[in-house]
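Okay, so chain A shows up in both of these, paired with chain B first and chain C after.
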Partner chain A sequence: MIFPTEINLLDISAVILLIATFGLMVSRGFSNWVNAYRYQTIVLAGIVALIASITNIWELYIVSALTFGIKAVIIPKILFYVTKKLDSPIKLEIYPYISMKLSVIIAALLVTMSYFIFLYLDIKSNEIIQVFLPVSFALFFIGLFVIVSRRKALNQMMGLLTIENGLFLFAVSLTHGFSLIIEIGLMADIVLGVMISSILLFRMSRTFDSIDIKNLESLRDD
Partner chain B sequence: MNEFYITELFFGISQVLLLVVLSPLIVGIMRKTKARSQKRVGSPIIQPYFDILKLVKKEEVVSDQSSWIFRCNPWVNFATTVSAAFFIPVSIVYSPFGVMGDILLVIGLFGLGKFFTILSGLDVSSSFGGLGSSREIMFSVLVEPALLITIFVIAIFYGGTNISMIVTSANEISFLASPGVIFALIAFFIILMVETGKLPFDNPSTHLELTMIHEATVLEYSGKSLALIEWSQSIKQIILLTLFVNIFIPWGISDNFSLTEISFGMLFIITKIISLGILITLIETRIAKWRLFRVPDLIAISIASSMMGVIFFFI
Partner chain C sequence: MFLELFSSLESILITALIITPIISGVLVTFLKKKKIIELVTVFSSFLILIEGLILVNSILKYKTIYVFNGIFYVDSLSGIIIITISLVGFLSSIYSVSYMGKQYEKLIIDEKKLVRYYQGFNMFLFTMLLVPISNNMGIMWIAIEATTLVSVLLIMLYVKQSSIEASWKYLLIATVGLSLALFGTIFFYYVNTVDVPLEEDVLGMNWTNLVENASGFDPNLVKLAFIFIIVGFGTKAGLAPMHTWLPDAHSEAPSPISALLSGVLLNCAFYGILRFHIITSNSIGSHFSNTLLIILGVVSIGIAAASIYFQKDLKRMLAFSSVEHMGIISVAIGFGSVIGIFGALLHIINHAVVKSLLFFTSGSISQKYETKLISDTSGIIRIMPITGFAFLIGVLAIIGLPPFNIFMSEFLVLSSGFESENFLPSMLVILFLVIIFAGFGKHLLKMVFGNPKQTIKKGDLGILSIIPMLILISIIFVMGIYVPEPLQTLIGDASQILLVGDLHN
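Right after this comes the complex of A and B.
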């Protein structure tokens, strides 16, 4: 029996991250989105720890722990709190702009596209970049796609957070970690962003009785 | 040399017999697990054997409006599933009959059986039969591309569509050959649930004919024919489970003809099939049946997943 080598482990963790991202595409309810995001972030924290163990940079372990603590524990808590307080009755993404089955296939095509983009880039210096850079592109594109294709504001927030995860993975795999203080600043930024968008959600839900983005399109009440 | 071929053939045939004989037991174990997880006592795990025996003894009622299709469908079903069983390696990495056909032939045989089932559902012109037939054909049309892409993913990673070859190289590599295989695994698992009529797609144990899919097409059968149909359905299920286990988790399968290794392989495969069956049943108890027009979503996941498997081959 052959056990997975380190590179094989990198590949497998990238695949698991992609699968977790697909979980965001296929789920329909509020709690499912938040849970999908949580799984995705836990896998991401694991990947950061893996990179840390390969490159022997101890700061990355702290970054991994921070990722886990802030993105996988605190942000989902905030979001669950928000959804509990919202008084809009519909909590499902029933009619997205693009249907579920089409969007899953489009997401697969986006992953393909990101791998092809990666083929034309000239940064293939080590294994970590080679494995995780295309995945970070894929996360970025899928997040963007979630933002443009879904109606509910909370779902769009999940898309934004996925983009952020992709950028984070991009930065970590390319540079093996910034200095710790920047990392902490980034995390604080995300928490603030989530809080501000939660406040927006509250206001939207109070004004329109729903969190459908369509309500924001008209400029005044006619 | 001649003796070697005889032992080979003997093992091949005994593998097929094992699948055919054990298949109702797996059904019984799955039913028992389901009953236990719903806090019921449930029928004993050998109940499917009793069912088949009882059905064989009973008199058969055939509608006088039906044609030869209705009467030959159980035999076609049974013959196709049993002949598909000849190509499946069970406890040894290759099946002696593997030279005659590959995994595409197995799918073709299943397709033939399904085709006759659908025709016989239409043949007696009962309203439920037609309904079940139209649903069954819808599902099989949707599953076909997913299944074929999945098989191509497996074929490009393990070097060929011959099942013996796939299982041999899967056994040699032993852990995942490539991350792409994980995607193929997800896709194949969804297809497995569709083909065996499991819960998000089909609920065979319901009392309401409107929600049935496979059962609605065979609603008119009784006696021996029903026994044959149920038996071939369970053989199909065990074949798919064996394929899944042997392609994706082939640990413990024997690669030569020594008696101890084969008996260990037998033990391993039976344990793995039973635990996979229990796992599927536990998943089944946690979800409700999906609306018919939401089911394509899941099959789209399967297609997308196998597409990603193809991508991972080329990078």
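Right after this comes the complex of A and C.
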């Protein structure tokens, strides 16, 4: 049913998505992360449109457009505003807990792991699931890795957004879009979440003079 | 849809239940005067309580209620959650007037913050009420995620270093956890619709539909999906080892909000686990999910016991006690016998009542003593007689002494553990309960009856902080002696749903 060229297109788009995600791993500057996230989301919107054209589900075109409009335009706009307004003098991730070089290697291992996990899952699959499910796992793991390995709160937020993109890809490729109301609800949750964490970032930078999470270690039981 | 709104009492009730807090939130936004927004919030919470009670009455009559083409679905299980939300919500709104009023007098918050607080309070009630009434598991997930976002706003109300830290951790951990729960939810949707043509799968996310088709699901995928669910919603429900955000968030929030977080929100998240537990049991038998629930529950009680024993901060101690009680509920569901499940559902209500009493009293105590440290708090009953008495009752109840309500449900839970021959977990639970007993007990006498510092002025904090405590105390006493007839029927029906997963009996 699916022509070879289309399968190639699927593969290529999956690879581009992974490359865009790796952009998060190799850049140090605040605005670079936002850009990396934006590229990632644009590719994601393209992938959703591709799935829509293969499966002929018109709802997915709307989802694709929404993804582009909300996650590739509005959210980066909010985030750029945040990075510009932050008081923090140094807008770089200087010393992450795990060095840049090592984290690229770890991210590559995480991608491999995702493919192995997919092999163990016994899912009745078609080409779309085969190509995108492992990638969605990879996005999830890389997002999680960014959260635990980076010291700047803004970068952790990028990790969260990457996890969310992975989740979104997972949902679309596995179920070919569940109902539109839920997708809209999810988007609303994300926009709200980004706004709230931006407020939190501002307060953090005002109270601690930086958004380094090493400041956030006072609440503990000893 | 508009016509259907007035087709039955129930559709009006359910609509009113979610519209009331929204209207109240909007009114608060525009009215802005301190006295008026307090009145609006208390009144709307009272309305929610009344609507909730009438709805539960309908649930008792009809057992299951669908409205708006099955978008909303309530049964006895939802009824239990609705009762806890509306009851604690109402009492917490009264207590807020006292507590936040005091903070306002002390200039800790200004009028703008007060407006923000009441907006958040109403939205928090709205998002929590959306959880038990939605039939669509995706919408339920969205509602639970929304509770996170709204409660983060409430926790960071005071711009302090510690509250910023607590809200950031809470936001990160809860969101990552819930994203796992969404993975699980999507997996369930997938196994439900994989063999169904695309045009007919619009209902595939509905709980009623999932339960009906559960017996045909692929067992391996169901197991995987349930693991995602229990880790995901378990994070939000405060089950160890995913509970690390909880003591921070619950102790940094304003006290009325702590009561809602501990007493109600944890149950909303656990309700998500329960719904999927029913689906999983219908699909692959209850053994798998029961075992997981018992393990996570016992671990939670154990970790909570250790942390409570060495705790120095009163509100953190109460937060860990919530971890313990969510563990008890989880273990009890896992035991899987009729008595155990009945006890677990009773425990949901009992814990909500006692824990909100404790957070209310600890709020008043920390306002009076201006510290949360246990070592600096002594002689409460001499300084604030009624609050001290309430605190004493609350602690005696939370450690499970008779004749208070928690004793009753814990007794049911443990006897079901031995009845279902889960000897090891039951013994462990008893051991941990003894440790927790000792942990609370070693501070209690000094805190309540010790010699107070002379510098603190005597007197309780005003009638509005006392009323909710007295109401809660009377509930604790009554529920310790007997469970009222309608509540018994409600919990009995809900345990039937959990046991057999059947909707129509």
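Rule of thumb we're sticking to: the second predicted complex is superposed on the first by the 213 of 222 C-alpha atoms of A that agree within 3 Å, B and C clash if a C-alpha of one lies under 4 Å from a C-alpha of the other, contacts with A are read in each partner's own complex, and residues count from 1 in each chain.
We take it that contacts are C-beta pairs under 8 Å (C-beta built on N, C-alpha and C of every residue); 3 or more make two chains touch, one makes a residue touch a chain.
These numbers come from a predicted model, not from an experiment.
Once the two complexes are overlaid on the shared chain, A:197 sits against chain C while remaining clear of chain B.
The wider contact with chain A, measured as residues touched, comes from C rather than the other of chain B and chain C.
With both structures placed on the common chain, the touch criterion links A:170 to chain C but leaves chain B unconnected.
When the two structures are aligned on the shared chain, A:11 is found in touch with chain B, with no touch to chain C.
Shared-chain residue A:26: touches chain B; no touch with chain C.
Legend: residue contacts after superposition of the two complexes on their common chain; A:108 is shown touching chain B, with no touch to chain C. Of the two partner chains placed by superposition, only chain C is touched by A:121; chain B is not.
Chain B contributes residues 173-176, 178-180, 182-183, 186, 251, 296-297, 299-301, 303-305, 307-308, 311-312, 315 to its touches with chain A in the complex.
Across the interface of their complex, chain C is touched by residues 57, 121-124, 140, 144, 147, 153, 156, 160, 163-164, 167, 170-171, 174-176, 178-179, 181-182, 185-186, 188-189, 192-193, 196-197, 199-200, 203-204, 206-208, 213, 215-219, 221 of chain A.
By the touch rule above, chain A contacts chain B in their complex via residues 1-4, 8, 11-12, 14-16, 18-19, 22, 26, 100-102, 104-105, 107-109, 111-112, 115, 134.
Taken in their complex, chain C has these residues touching chain A: 136, 138-139, 142, 145-146, 149, 152-153, 156, 159-162, 164-169, 171-172, 175-176, 179, 182-183, 186-187, 189-190, 193-194, 198, 201-202, 204-205, 218, 220-221, 224, 247-248, 252, 307, 310-311, 316.
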